[in-house]
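What follows is chain A paired twice: with chain B in the first complex and chain C in the second.
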Partner chain A sequence: MTSNLRKRHRQEKWFQRMGLFSLCLALLFLGIIFGKILITGLPAFFKTEIEAKSAPQHLLNPYAQYVDQGKWTAASDAVDMYYKNGYPGTLSPQDSQSIEALKSQNKIRLSFNGAFFTHSDSSAPEMAGIWGALLGSLLTLLITFLTAFPIGIGAAIYLEEFAPKNSHIYWIEATINNLAAVPSILFGLLGLLAFIHFIGLPRPSALVGGLTLGLMSLPVIVVTTRASLSAVPFALKEAALGLGATPLQVLFHHVIPSALPGITTGVILSLARALGETAPLLMIGMVAFIATPPSSFLDPATVLPVQIFNWSRSPEMGFVENTSGAILVLLLILGLLNGLALFIRKKFETHHGF
Partner chain B sequence: MAFKIDVQNLNLFYGEKQALFNVSLGLPASQTTALIGPSGCGKSSFLRCLNRMNDVVPNLHLEGKVLLDGKDIYDPSVDVVDLRSHVGMVFQKPNPFPRSIYENVAYGPRIHRLFKDKSALDQIVEKSLTRAGLWDEVKDRLQQAATRLSGGQQQRLCIARAIAVNPKVILMDEPCSALDPIATAKIEELIDELREKFTLVIVTHNLQQAARISQKTAFFHSGYLVEAGETGELFTTPKDERTQGYITGRYG
Partner chain C sequence: MFKKEWGFLFFIFLFGFQIAEAAPPLRLAGSSAIFPFAARVAEYFHYKTQEPTPLIEGLGTGAGIKLFCEGTRELDGVMASRPFTETERKKCEQQNIDFQEFKIGQDGLVLIEKKGSQFFPIRIEDLRSAIAEKVFVKGQCLKNPYMIWSQIQPSFPVLPLRILGPAPASGTYDVLLEKIKGPCDSLLRHDGIYIEAPANENLIIQKVLTAPHTIGIITFSFYEQNKNRIRALSVNGVLPFLKTIQDGHYPLSRPLYIYIKLNDLSDHLNRLLYMREFTSNDAIGKSGYLTEKGLIPLPQSEQRNIQKDLAQLFKTGGSS
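Here is the complex of A and B:
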């Protein structure tokens, strides 16, 4: 008896240690990944500037001369790389020497790279920014939300609260559950077929991207919404029905308010997933090089993860930095969305749905 | 004597399974009727027929008549919503809404539009809580979450919530089974007071309780109404030997 007890305690300890070990391992990897991205990406938020008068013309950025009117002018890509990382690249030894000279005279400096946030894609890494992609992501996500949210919630409410329990409904439910697990690239194919070939919407637009991602998010939203609706205790519905509330009143006064934290969390998380999605958008041609930010839902657009994908394939050193910088921005937004989901959940839970 | 609710030849089927067999029972106005019987004999099923809470059960089939003030509540012309405003229900487990105490009581009057202005609603809330014996305990914290009350207080709140719509009949399905003796005593006292104004039907497993609070008792056994009559009589001189066996504790 006592030896049995000791054995069970040992098992428990062992199990706890295993859990702790896995947790540490996961944290370690997370730390390494974040560290690496931070180290590579942070420099993208800064650019090297030179006091224009004191430097040879070819060290300055050929584009910047038209933009920067002040005393300080952006340096060329090669100088930027050299100053930040000590990586000589295409610079001649004389050039490196003159940079060292500028350094000792304090005529070269790092300053905040606003262009990274206000410019769109460009073939020159030091001129490229994420503004166009950010705007594209916003417009796309708006379309995704506007389509997936009402349809998904509506379908979930119907299936959970009103649908008769027959074999048709059963098959629809099973299909939706399976769709939630279908690889996202297939939704890209579906979007290509339905919205571009069939309906004929303009190709790499936020509208098509948003609709495609909406299709992708729909089953997930239905599944999570149904889960939170079915978690509402039956006793609550019974109480309201017993007082003479109509089924619609039960739904709007009791079921939805109680399920709201779960529903919003599910919607936000599926939108976050849509925001980070690349594969289906490649299928519908949102991978093109787009240098002007979209001004409508029908304009050619790209989104942040696709921009990252594009930059990551470019050979220039500057794009490596831009890639990591854009990843940092994407991660920040995803973190904020997840934080929002967490906040809503906590807030509503303490207030018991009201 | 005229019955408030008169059940005639009620047969109830869950799909193929018959749960009630030809039950006929009259519930006298301004009295408490206790439903007793072994577990699974159909007491809850019977109770839920009286305000059509069974409507939500799939594959349910029902034969017979349930007359409320002489009108069949299963008649197609009857509106369930209206019916339930006349026949309220209190459940086994206290189930307050996750809202404030005030909003719990005000909910019924709100959906049925039973008041003219805010002060009238305040009055309904105060009156209902007073009747339920809860007013003094909660009058200073009406805006507090109802879920933070104790179990017994929650059950009394549920009773207040039910009487706030001013029903004719209140159905209670083992309202004290989740409560301690003191809270139970309070609810029993309350039931006794409410009888003046409402017709009460209460399911209970506690025979002493049935004897204490009811004027009429009905004994169910495997879907049949075995015996019904004046409470004192049924407990002292049961006519059926199954009743005799149940109340003397030979089985149950």
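Here is the complex of A and C:
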């Protein structure tokens, strides 16, 4: 009897240990990946600057001769790599000597890379920034929100509250659930066909990107919204109906307020997924070198993940750290969005709560 | 309470839907081997002329040409790492697209390996035996039987064959196929020995660095930027240098082209301005910025001819 009990306790302990081990393993992998990105990406936020007057032209960034960039001017990619890592790359021995000379005169320095946040894409890593891609992501996400949110919520409310329970509706439900699991690149193909070839919208624009991502987010929003609507207890509805409320009043006064935390969480999470999405946007031509930030929904635009993809296949060494730096910014934004979802959930749960 | 939010949304709409006043930028698409050069020229073009920065898309030569020939409005130019094929030319003519070819320089395909691995000189025939799907053995075309380098040449090391290179949609793949063409008409092998890496040469370099005994096939500009980590193999006894590729001694070299649309040229003179920047001495001269990035410039006489062609186009385009 006691030995049996001891055995059962031992089993439980082992089970707990295995769980803890899995958790640690997952954290370890996460730590390695994140650490690697952090180590390669942090130098992107600092760049080498040279006092423009005292340096030979070819040590500065390639465009310094056309635009006055102030007293301290960004050094060329090769100089940047040399100053940060001591790696000579394509520099000649004379060049590295003149850099050493600049160093001793305090005419070369490492400073915060503000241009990384205010510049758009460039073929020179020392001049490239994420501003254009950030703006493109914002415009794209706005279109995604404006299309997916009303249509998704509307469809979910109809299906959950009003739709007759017949075979057609079951078929539609099954299709929506399937669509939520379809690989995102297929939505890219759909977007290419529907919006670009059929309607003829301009090719790499935030409008087309947003509509495509909207299509992609739609099924997820419908599924999560329906889940939170169905979690509202039936007793609540019956009580409201019993007091003489119309079905519409029940819906808007009781069901939706109670389900709101769940709905908002679902919407924010699917928007976060849309923000990090690359594959469908590759299909609709947002993988381009676009150096001018978009000023409207129809302008050529790219988004942050695609910008990262583009940089990752550039030959210059400087783009390696830029790539990781942009990944850090993207992770930060995604983290903030997920935090917001969590916050909304916690805040409203205590007030209406289910 | 809600009014404020609506006002904010309205403001975003105003900001979003304002119509851009500037002329639409030039648009080029095509080979990802030319993409870095075209992007660099686009920026210089912007800084020098104050025109909007052209839009460059690296889709691969085939996809670029397809888009180029879809209509007169779609693209202003296409970057191609091989000339138009006959069918592509016909399709373009059917759409009434008039275009001019500009040879902008040369490029080499470089066989690379990790620095410090065993060096062995390779010949075109060996490369064919290594990556072609069908090879000519004992008087007939057979499915490629080679699995180890030493099976191809007894002097080669006893190492498994493993080669990473371009994928079918790219012009680089077509050129590679053309270069290793033998008695058997075949594609590159599909049995896992030759691994296709779609449009990402950094990936090939990474793989070559991490997996031992892997040979990668990349373009010269990527080799130039990563010389400190990788080494080139000699082909037919010639190593890839600027000079050997330019004078044609290095066997795996190819010309690079840009095709520019000539329809309604008088309204699109910026196409010619862009090409003028591309073929200027600043860009592809002896110490031009593209030359430093790894583009192999044309011989000077050819460059002068192109500049003459451009000047001629300026005259006819400006007057018509």
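Assume the second predicted complex is superposed on the first by the 341 of 354 C-alpha atoms of A that agree within 3 Å, B and C clash if a C-alpha of one lies under 4 Å from a C-alpha of the other, contacts with A are read in each partner's own complex, and residues count from 1 in each chain.
In this section, a residue touches a chain if its C-beta (ideal position, glycine included) is under 8 Å from a C-beta of that chain, and two chains touch if they have at least 3 such contacts.
All values reported here derive from a predicted model rather than from experimental measurement.
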Partner chain(s) touched by A:T90 [first = chain B, second = chain C, both, neither]: second
Chain B versus chain C as contact partner of A:S258, first or second or both or neither: first
First (chain B), second (chain C), both or neither touched by A:G242: first
Dominant toucher of chain A (residue count), chain B or chain C: C
First, second, both or neither for A:A288, with chain B first and chain C second: second
Touched partner set for A:E100, first chain B, second chain C, both or neither: neither
Chain B versus chain C as contact partner of A:M317, first or second or both or neither: second
Which of chain B and chain C A:E12 touches, first, second, both or neither: neither
On chain A, the residue positions that both chain B and chain C contact, one per complex: none
Of all residues in chain C, those that touch chain A in their complex: 12, 16-20, 25, 29, 32, 35-36, 38-40, 42-44, 46-48, 52-53, 55-59, 199-203, 221-222, 224-226, 228, 289, 292-294
In the complex, chain A residues that touch chain B: 165, 233, 235-236, 238-246, 249, 253-254, 258, 352-354
Residue ranges of chain A in contact with chain C within the complex: 62-63, 66-67, 87, 89-90, 122-124, 139, 142, 204, 285, 287-292, 295-297, 299-300, 312-317
Interface residues, chain B side, partner chain A - complex: 51, 53, 56, 58, 80-85, 88-89, 91, 93, 95-100, 103, 107-108, 111-112, 145, 147, 158, 161-162, 165
